[in-house]
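Per-chain residue numbering starts at 1, and chain names A, B, C and D are given in the order in which the chains are listed.
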């Protein structure tokens, strides 16, 4: 299928604000506000509790592979690992994808190096377990054996979400989760202490990293969503007009335009 | 109950071990008997089939033992599963893709002429493996980023097709909220549902506005709060349907245990 | 604390802290019962299941009346053994329907190697009942791993990617393939999956080839299909085991799914009971706390 | 230099599909789509050994150094190679079903891999009940709403639940009382799923798709930053 003319125009309409705001943010023009994300402060709390108990924390990237999602998960991992390193905590990171694995390992190493504790970094604590249920089984096993005090689930999760979260709550860990996959959120909400919902995951990354690209992109996306909302409302209004005055100028006009 | 003393704990542990052991012996004896019985009746075929089912039963029960407590059998099976999955996955990529889609084309097969230009695939193909070296990892970025680039270009067109083609998500959010029949307008049940639909879409969408201040904007404040409630309804329905899915999985395992293995249910 | 030993927990606390292993045991017992005491179940057929059924019926009718070239059905088997509990009965119900109405179909997957293999076994099993033959009444392309670029190639020209069937026979030699020029000859793609595999068909293939899409999904994926059904991108679906059971009901057979619904029934009721028990305990303990606070004041 | 090459590669990779979409009609580049697909398929497949190598490194060291649990690691490696070899032998020997290779293959696949995988998955049946029991408490308005929706959906999908309100079906065509047939448990479930959940999902899709668009733009135009992209 090739683009219709309307699609071409819409391509520009939706892309332009994103690119524009990214470039603006990178040039340092205009402060962009990001609304606070509820679950984020819980990360510090969880790491704090693990420190009190002197037990390791576990950071799972779920089934994330090498994609923006996975890289966001690694970005949040950097933040958590740095916190852990600061308090001399062990952080265990099971990774599912062979492409993401070296990137995650590097992130943890860097985090320890950043706070000057590279000697505490253990490469074998970043663990590669392929496959969905093998991964779930492996991570659950680790949680039980190491009696982790805090667990973080960030990234892409599928059915294993509840297996992991239940295991975490059974060992009494304080749990923070965030995933863009909406289908798994109900289970994180029930089994975790704090849950970051859907797209908030990306906003959280932007919030933690202060990366201008991400922040600018968020702003551009918001503009895109505004356009979509406006379109929806317009369609509604035109629908009403159509009902009152069928087969006149208004009837189907917008719809025709969109499909042309 | 008063906190158990060390001695009590130890006693309970050894009692648990004993129960574990008894169950394990029973299972093994049953399987052995089953196999012998069938091999007498149907020869080697029967033996092999029942052996397979028996091993399946051990795997199933072994994993379920985890529900009681983490234990060495579970740990062992967990590793076996990883091995089998990766072994299988690797083999399949070879036999389903590399052999027919690459080697056959390169060396020629079934009347197709050989085309050694396909050898060039090796150059980007090898690049994947620089992932393994910390020093030369950048080489792997060529092929990784190329794939991410094609994916990105594809996602681009996908989004627009998904939104704005005839059966597109945006187009189909256009819903009549009044019905005209016999010259007058009605507000039917369907119209009401449509209205609900549109309101929910807008409220949920507004919850995911991140760069606007929700507190100072009265519309956004209201709609995003409502949006959160609507999301909760959505999560509730997901939870409800999922119960069914998860139970199906367990029912499936019980069919195996009761019907295939023990043969005690119809 | 009024000096009570922890062993004598108040009833509402106890109600909130039942050992999970007891809850597990109840699940086990309840789900087991219907295996030995069959409970007949009858379900209301959901509109989304009915729509899928009607679509297949319509294809069969059109083929019978020779309305245009023969149309086929593509079974995209993007499921693995781990979700066979739900996807297997769905696949079986669909294949049963296709064989019964003489609609010819192809099996494939671009994501999972196991799906086509499992579907093949089901097809062979049901084929005996209807006297159907491989290669004539159905074909299996097997598994072809495809990323975006390869998938697009497949959509444009499926023979570029599918060169052999799963048995290694060159695809052009399979008798049934003579009538299939490309994806446009398929009237319906029925995607059975426990993941988001349907998305590739909806995003990339449908806008090109204009077929209808039906899905058989695990119960958890069901909710995310709803907006697609609303938009007409997906015509109908079997949602989890109950969806398959309803389809079996439409076909007048009592298959695997119908048998499982008895266990579902009891398990669901137990979940609701457990939920209520926990909340009674919770509300009671909250009341007690409030009372204590008042007394303290 | 390296960086520029990567930027160009990424851009070209995406550009093709973008142009193919944007340019009207059947141009020459549309025909290429099939050829490119064949090549990328082969290139992508070349990565197939990465997972194995990573696993061998991890578990091989465990076995060699006799770390705790090394026998499990050894079992993993053995299982991996046995499965791989059996699969290849089965493929290349063109063995017929019933041959020894097939038997071993079925034993490994049907009787080990499948039960293990599905049993681990089915642990969820237990976990979901205990999660519902332990954490579904009416702590807030939000929790109450979520719980109510879950209970209605559960009742609406089981025979017993449907039975309770089935008698209302008779009112379907009653001009005054038609709404009674709308409050059957199963119709409410359907309504919730289609109009409430469907709409919420669409709201989410709107956001997610725009997000996806932004991500692809960022990758495609190499606007992305972060340690992964900066170190190229």
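Here, contacts are C-beta pairs under 8 Å (C-beta built on N, C-alpha and C of every residue); 3 or more make two chains touch, one makes a residue touch a chain.
Fair warning: this is a prediction, and the values are worked out from it, not measured in the lab.
Greatest Cα centroid separation from chain A: this falls to C. Across the two candidate interfaces, A-B and B-D, the one carrying more C-beta contacts is B-D.
Distance from the chain A centre to the chain B centre is 19 Å, each centre being the mean of its Cα atoms.
Mean C-alpha positions place chain B and chain D at a centre distance of 5 Å.
Our note on geometry: chain C versus chain D, Cα centroid distance of 14 Å, whole angstroms.
Note on chain placement: the centre of chain A and the centre of chain C lie 28 Å apart, centres being C-alpha means. For chain B, the set of residues that touch two or more other chains comprises 63, 66-67, 75, 78, 81-82, 85-86, 88-89, 92-93, 97, 101, 131-132, 147-148, 150-151, 154, 156-157, 160-163, 165, 169-171, 173, 197-198, 201-202, 205, 208, 231, 234-239, 241-244, 247, 249-250, 252-253.
Chain contacts: chain D has residues 17, 21, 38, 40-41, 44-45, 47, 50-51, 54-55, 113-114, 116-118, 120-130, 132, 134, 136, 146-147, 151, 154, 157, 193-194, 197-199, 201-202, 204-207, 210, 213, 215, 217, 219 touching two or more partner chains.
Among the residues of chain C, those in touch with two or more other chains are 20, 24, 27, 31, 82-85, 144-145, 147-149, 152, 161, 207, 220, 222-224, 227, 230, 240, 242, 264, 267-268, 271.
Taken as a contact graph, with one node per protein chain and an edge wherever two chains touch, the assembly is complete, since every chain touches every other chain.
Looking at the complex, you find that chain D touches chain A at residues 20-25, 47, 50-51, 54-55, 58, 116-117, 120-121, 123-124, 127-128, 130-132, 134-136, 146, 201, 204, 206-208, 210-211, 213-215, 217-219, 221, 223-228. Taken together, the chain A residues at the contact with chain D in this complex read 1-3, 8, 11, 14-15, 18-19, 22, 68, 71, 74-75, 78, 98-99, 101, 103, 106-107, 110, 124, 127-128, 130, 133, 136-137, 159, 162-163, 165-166, 169, 180, 182, 186-187, 189-191, 198-199, 202, 209, 211-214, 217, 220-221, 224-225, 228. Across the complex, chain C meets chain A through its residues 20, 82, 194-195, 207-208, 220-221, 223-224.
Across the complex, chain D is touched by residues 48, 51-53, 55-57, 59-60, 63-64, 66-67, 75-95, 97-99, 101-102, 105, 118, 121-122, 124-126, 128-129, 131-132, 138, 141-143, 145-157, 159-160, 162-163, 169-170, 173, 189, 193-194, 196-205, 207-208, 227-244, 246-247, 249-250, 252-253, 256 of chain B. Those residues of chain A whose C-beta lies close enough to touch chain B in the complex are 1, 3-4, 6-7, 10-11, 32-35, 66-67, 98-99, 102, 106, 129-131, 133-134, 137-138, 140-141, 144-145, 182-183, 185-187, 189-190, 197-200, 203, 206, 215, 218-219, 221-222, 225-226, 228-229, 231-233, 235-236, 238-240, 242-244, 246, 255, 258-259.
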